[in-house]
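I've put the structures underneath this note.
Common to both upcoming complexes is subunit A, partnered first by subunit B, then by subunit C.
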Partner chain A sequence: LDYQHVQVPFEITLWIMLASLAKIGFHLYNRLPSVVPESCLLIFVGLIMGGIIYGLNDRSPPVMDSDIFFLYLLPPIVLDAGYFMPSRPFFENIGTILLYAVVGTVWNVFGIGFSLYGICQVRAFHLQDVSLLHNLLFGSLIAAVDPVAVLAVFEEIHVNEKLHILVFGESLLNDAVTVVLYKLFRSFCEMPTIKSVDVFAGVGKFFVVGLGGVLVGLSFGFTAAFTTRFTKDIRVIEPLFVFLYSYLSYLTAEMFHLSGIVAIIACAMGMKRYVEANISLKSHTTVKYFMKMWSSVSDTLIFIFLGVSTIGENHEWNWPYICFTLIFCLVWRALGVLVLTFFVNRFHVNTITSKDQFIIAYGGLRGAICFSLVFLLPDFHRKKLFIAATTVVILFTVFVQGMTIRPLVDLLAVKRKRESAPTVGEQIHIRFLDHLLAGIEDISGHWGQYYWKDKLEYFNSKYLQKILLREYDQPKSSIVLLYEKLERKHAIELAQAGQLGHGPAHPSLLNNDRTVITDQKLEDTQNPDVLDNMQEILARNLYRIRRTGPAYNRHTLPGESEPAEHAKELLILRHKGL
Partner chain B sequence: SVSHSQITRLYSRFTSLDKGENGTLSREDFQRIPELAINPLGDRIINAFFPEGEDQVNFRGFMRTLAHFRPIEDNEKSKDQNGPEPLNSRSNKLHFAFRLYDLDKDEKISRDELLQVLRMMVGVNISDEQLGSIADRTIQEADQDGDSAISFAEFVKVLEKVDVEQKMSIRFLH
Partner chain C sequence: LDYQHVQVPFEITLWIMLASLAKIGFHLYNRLPSVVPESCLLIFVGLIMGGIIYGLNDRSPPVMDSDIFFLYLLPPIVLDAGYFMPSRPFFENIGTILLYAVVGTVWNVFGIGFSLYGICQVRAFHLQDVSLLHNLLFGSLIAAVDPVAVLAVFEEIHVNEKLHILVFGESLLNDAVTVVLYKLFRSFCEMPTIKSVDVFAGVGKFFVVGLGGVLVGLSFGFTAAFTTRFTKDIRVIEPLFVFLYSYLSYLTAEMFHLSGIVAIIACAMGMKRYVEANISLKSHTTVKYFMKMWSSVSDTLIFIFLGVSTIGENHEWNWPYICFTLIFCLVWRALGVLVLTFFVNRFHVNTITSKDQFIIAYGGLRGAICFSLVFLLPDFHRKKLFIAATTVVILFTVFVQGMTIRPLVDLLAVKRKRESAPTVGEQIHIRFLDHLLAGIEDISGHWGQYYWKDKLEYFNSKYLQKILLREYDQPKSSIVLLYEKLERKHAIELAQAGQLGHGPAHPSLLNNDRTVITDQKLEDTQNPDVLDNMQEILARNLYRIRRTGPAYNRHTLPGESEPAEHAKELLILRHKGL
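Up next, the complex of A and B:
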């Protein structure tokens, strides 16, 4: 038995296998994921595993190595998020997102740090040796909202697109702030004296970290696009370039102490458009599927390891400190959201409602990033206290907030509902008005950054496209491109169904989809059963206005969700009419 | 009245849509907006911009149509009742929507016109019979004078519980 020889890859594969089997297990019970978010279940599995290992070996189970987390587990998730990020809502709300990410995080860090320092002054808690700097350091790592946890929970609750993108964007971009503050305070801990010059250097460093990350990401992104211009004859390795360049951008940024997360997001968003135009259809599908697969595996592993690492002797349980940490995290986040939203609403007519604010505040989940950062702390005698506090905060936010956010959202939504159900006519007319308004908004160019979007488009068509795209002919409008894509796809589907050549393609496609319900007698429209059925039919079949569909989903590819199906049907109908 | 900055913004939008740069928009200019292609009412909305029988709309017409969707300011509600009703009043907003249903402009939404709109708004899974009975039900609920069609007054009555002022207003400034 040569176990030593294969030990490392064997164990890694076993962990991944465990994660995937756990996932299958959850989805076997259909109702379970709707009550308990997947992240909670995975942590629970991790806890069990940790308990088993502890029981067997009688020592602490392997703690998740911070390097493994930051170098191997985090990049796929962020890449997936960045690649499939719906760019229109993201850039529409970029001001608000940046405000929450930067100002909000700084507010939280200093708020939590100073209040915890205040708590430490109380003699009864035996905490006086925790200095202000230590508290600020702790604050910097616990304040950051975690994209992994947020993503995992938010896709269970269906909030409107704007809200989703706000919380999601904030959780991704606050990495830059977290990195700077964490490293800043850590270096301050080692310096004997701190001058104000150092503080200013810290502020300047923030800009360097953020903008540097974006630059690194964009340069790798454009290089990737340029490379794919020449891959016409070796289609099989095209997907590889996407992943290699993105990962390189992450590693390069980390090497220069810039923000890797921002870099990889910028890389993905920058290269997406050109790469998709250059690579073949099959490579495109491969890229999408692999990204989803890797991010899914990473996500699962992170939560399991979180559970495993919780068990053990790494903790010092000073309950006052821990409780107050939790309280301050919640309080400062709520305050921060309130104050920032007040400012945001002054400048935008489209206000963020109080229900939205509650969700933003409540959705500030902490996750694995804080956990890894706390293990990276230099060893000092209070480190275990911080580890314990971090663990409790993460478990609380993921379990309690994660599980209760959905019922709370539903509760808040129910309060706004009308007293009586709308009549059939009202339903139709309201939907009619919604579509009308969506169309008018599109015509009037509703979003404020249109000026910059135009400029970017101009720059793009004049210079970038010529360099980065393989065949630069007459630029086709996006409708024509979309239509061509759909035509191809439907032609393939029809050919496979053996229907090509039996007459005009599109009418037969439509007729086959139409299900005529023959066992219903619809003569009497006064019948209440028929009426309910009608309302149900309408509720199910009326096309939704495009903004209410969730734009980013962890588990499905874009283009497979319901709003996209409706869009396809509409385009086919228009083609018939043209 | 629309503010100066709003006019400037709309004008820059108008010129960016006007690819031919001749100071007017044609139907093709509107159809170039990708989101309109997947809007079920896209064609009808575009038609609403063009005056009867014309193929070009100038900036004045563009603004005039969009003016229906200006939010109703609080201070306007109590303005003098003797002046002409502003374009963005509740009644005029509803009339704009009514005209999108009523293609033959007889100030009534007939069953056929309703069916056409319904067909555009639902998916392919609903049969013609079901759609017909939905249309019948809609007319039945609204019809008060027994002519099996929805007049403008009846349309207004159906939507009396709906916050039309908010639903049919766009925020010009982001």
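Up next, the complex of A and C:
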């Protein structure tokens, strides 16, 4: 036995296998997924596994490595999120999302940090050694809403698109703020004195980190699109480029201390349109399927690891600090959403209702990102307290909020997502209105979103498409593409139901036996001449069946309503009888 | 800049990217692939890269790590090979393949080993310090035909199926022999004395390694098939199991010192049939596509690394040893094929022609497996000589034989692969003949392949399918499945050509306007009643278009031959005109 040799890949494969089997087991009982979110159950599986490992080894089970999390587990989920991001609602609400992500996160960080510092001043709690900077550092990692946790819960409750994109978009874009604040406070902790110039540098850094991420992502995205122009002869590696370039964008951004999450999202959203037009249908299926598969496995692994890592001796328990952390997380988020939404609603016709506000505040789940960040903290004497507090906040938000949000959505009758896809008619009207609004904005001199969208679209069709698309000569409108897709789907359904009506492959064949069968009556077929004629036609027809299967031409409608069909069948039987 | 942090995934991604881009570049010029095999060009790219690295660093470029090769690069290729292995020719020729793989490889190992030992005795060559055991060890690693190299070349020259499976099957199954002999001689080298019991243990070990590999593979394969029974509610992770279980089978076999290649092939061939029946169509596309993609990338990386690793200071040059190695490799293989084929032809009706024998002998390419094994050798003073000889043999076989085999196949007019897929009729006849032959064998008491195949099929349908298939109640014959597949393909083609004739979704609709249009003449449509009727039908029809696109019911045949179609179009135009 040589376990050492294969240990690394073997254990990785086993973990993935465990995660996949847990997923299957979870879905075997149909009632379970409708009550408990998958994330809760996976954490529960992780807790059990962690308990077993702890019991057997008598020491803490291996903690999820922050490097593994950030380098291997997080990118697939974010890529999936970015690639399947509904771009229209995202860009329609980009202002609100950015407001929540930037101002909201800063608000939460400082709110939680300062109020926890206040708690630390209470002599009875024995927490006076936790400095303001450490509290702010803790605030910066606990404040950010987690995209993985949000996605896991919100995918199951099907709230309306706008609400979904507000919470989800916030959870993705706050990464830039979290990265900056976390690194800023961590370096402040290690600095002897903090000058005001450092603070301003931090503010400036946010723009660098966020916009730099977008730039890195877009450049890799466009390179990916450009590369897929040349894969016509080697279709089989097309899906690879989607994954390689987006992963490279993430790694490059991380390398330059930019926001990797923002970069990969920009890359995915930037390349999607062009890549989809360039690559083959099967490549596209593979890309979509593999992305979903990969993100689903990553997601499962993250929650299981979260459970496993919770067990152990990493925790220092302090009731007041932990309870107040939880309370402040909830209170400051609720306040932040209320205040920000008040301003947002003043500038928008399509306001965010108070029900929606409640769900936005309540949907602020924390997850594995906080958990990884708290383990990345430099060693200091209260680190275990921070770990305990983070674990409690994560478990509380995932279990209590995650499990109650669905009943609450039902109870409040929050507007749900419409089930059906928009019809072709609707799409045409939406597009028409877009052009109309762009025109109105142009005339009125208001540079609103429609104006920019129109300009972008013009730039796209004038320059980008020519560079990035393989077959620019015949650009197809998205409605034509949709129609083709639906048509193809329908064709497959028809073929599966055995109802495919084939067009005539051989016109003479059609004319021949159509006239023979329909014009002359069944009785006439006893005539030997007609029979010979018929035999020849059938022979040719049957030959075609044998040669190429699907080119079989039944040039009449299926079903009992067609007498000619009957006649032909009878004829074949009779001719065999002769 | 924090390169350290992302180095590992970044460099892996960059290597894969380089490999993919090299592949694209190679296919950009259409004439290149028809002259030079891809493997040669990739080695060439690797040589250039290695030269650049050597020039910049002034030391040998990193050598391909044997662990990386055996644990990560080889499995995808073997999995792809096993999964897409044409099982019928493989099992029809299993005896011949095994003879070549086992006896042929042993023949080559001892032939090359002993004759090189003879060369070493020539005083003028200064090679007297290379012992017999070291020569045999070298023989064991240089004798085995490499599946990766064979696949790369034979996929491009399209020889007939039997010839292909003979060379390719041999290259896969000789792994068991190579593993045993290589490990045996390596341990002999380190042993002070060799007893005869060790030699017998070695012979026994071969059966353990080979059959153990098959057993491990089949058990993982059936577990995979069993697992996919339960993935109905969670289609998205179905493809994962195919990869996970086959990789696990490989790793498990390696862990127990069994043949990993044999295991993964047994796993892939064992599960294929059941997994394909269980998983969804899209999952299946993803599995196939991803497997091809992965193996293609692995393949590319292997050849590039081979080129990179060739450059450097690892070589000790000795003209006689290297030249005689090359000559003995060619001669012993040719002799082995001649002798073995002589015996094979005596027992088979369907003989192997002398042209085929030449191609089999000539197609014995060496590749990355030898290369990795030679680097895994324990350190001794002539290791660099062995590395040099191995490199020369690999480069000679891949470049000279790989590039000349296509012209030779043309020159000899070796029977090519038939281009068209077997027709349904042929398939029915083949199946019929199988049953007939199984019956004849049963009656005559001869336990031949048809007898065993029939028994296996019986066991499969009686027991295995019930356990491993999800929907056993409606077992579909492979011909029905083929028909459905072809039908589906045809439907997609029709939909893409815009010629899809739809069946009537609404019977009343059909009866209505069919009677209206065909029974009454065009002149009658001026009648306002008929027009109203028509308007209603069209409105309903158009409504259907808008609602669901593809459910649009043109319940008549497409094309100009149908007067009713004309009539309808005219009517719409006229009605608009009114």
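One rule holds for everything that comes next: the second predicted complex is superposed on the first by the 450 of 578 C-alpha atoms of A that agree within 3 Å, B and C clash if a C-alpha of one lies under 4 Å from a C-alpha of the other, contacts with A are read in each partner's own complex, and residues count from 1 in each chain.
Convention: a residue touches a chain if its C-beta (ideal position, glycine included) is under 8 Å from a C-beta of that chain, and two chains touch if they have at least 3 such contacts.
Keep in mind it's a predicted model, so treat the numbers as computed, not measured.
In the superposition on chain A, A:Ile352 makes contact with neither subunit B nor subunit C.
Looking at the superposed arrangement, the partner reaching more residues of subunit A, out of subunit B and subunit C, is C. In the overlay built on the shared chain, the residue A:Leu240 is in contact with subunit C alone; subunit B does not reach it. When the shared chain is aligned, subunit C comes close enough to touch A:Tyr289, but subunit B does not. In the superposition on chain A, contact of A:Thr423 is made with both subunit B and subunit C.
When the shared chain is aligned, no partner comes close enough to touch A:Cys370: not subunit B, not subunit C.
Looking at the shared chain after the overlay, A:Met255 reaches subunit C, while subunit B stays out of its contact range.
When the shared chain is aligned, subunit B comes close enough to touch A:Glu441, but subunit C does not.
Once chain A of one complex is fitted onto chain A of the other, the partner contacts of A:Met17 are limited to subunit C, with no touch recorded for subunit B. Put simply, subunit A uses residues 423-425, 482, 510, 546 to touch subunit B in one complex and subunit C in the other.
Within the complex formed with subunit B, the residues of subunit A that make contact are 92, 348-350, 418, 423-426, 428-451, 454, 477-479, 482, 510, 513-517, 520, 522, 525, 530-531, 534, 537-538, 541-543, 546, 566-567, 569-571, 573-574. Those residues of subunit B that touch subunit A in the complex are listed here as 10, 12-13, 16-17, 30-42, 45, 49, 66, 69, 97, 100-101, 117-118, 120-127, 129-130, 132-134, 136-138, 140-142, 155, 158-159, 161-162, 164, 167-168, 170-174.
Interface residues of subunit C, counted against subunit A in their complex, comprise 1-3, 5-6, 8-10, 13-14, 16-17, 20-21, 23-24, 27-28, 30, 67, 71-72, 227, 230-231, 233-234, 236-237, 239-241, 244, 247-248, 251-252, 254-257, 282-283, 285-286, 289-290, 292-293, 296-297, 423-425, 482-484, 486-492, 494-496, 498-504, 507, 510-511, 545-551, 555, 557-559, 561.
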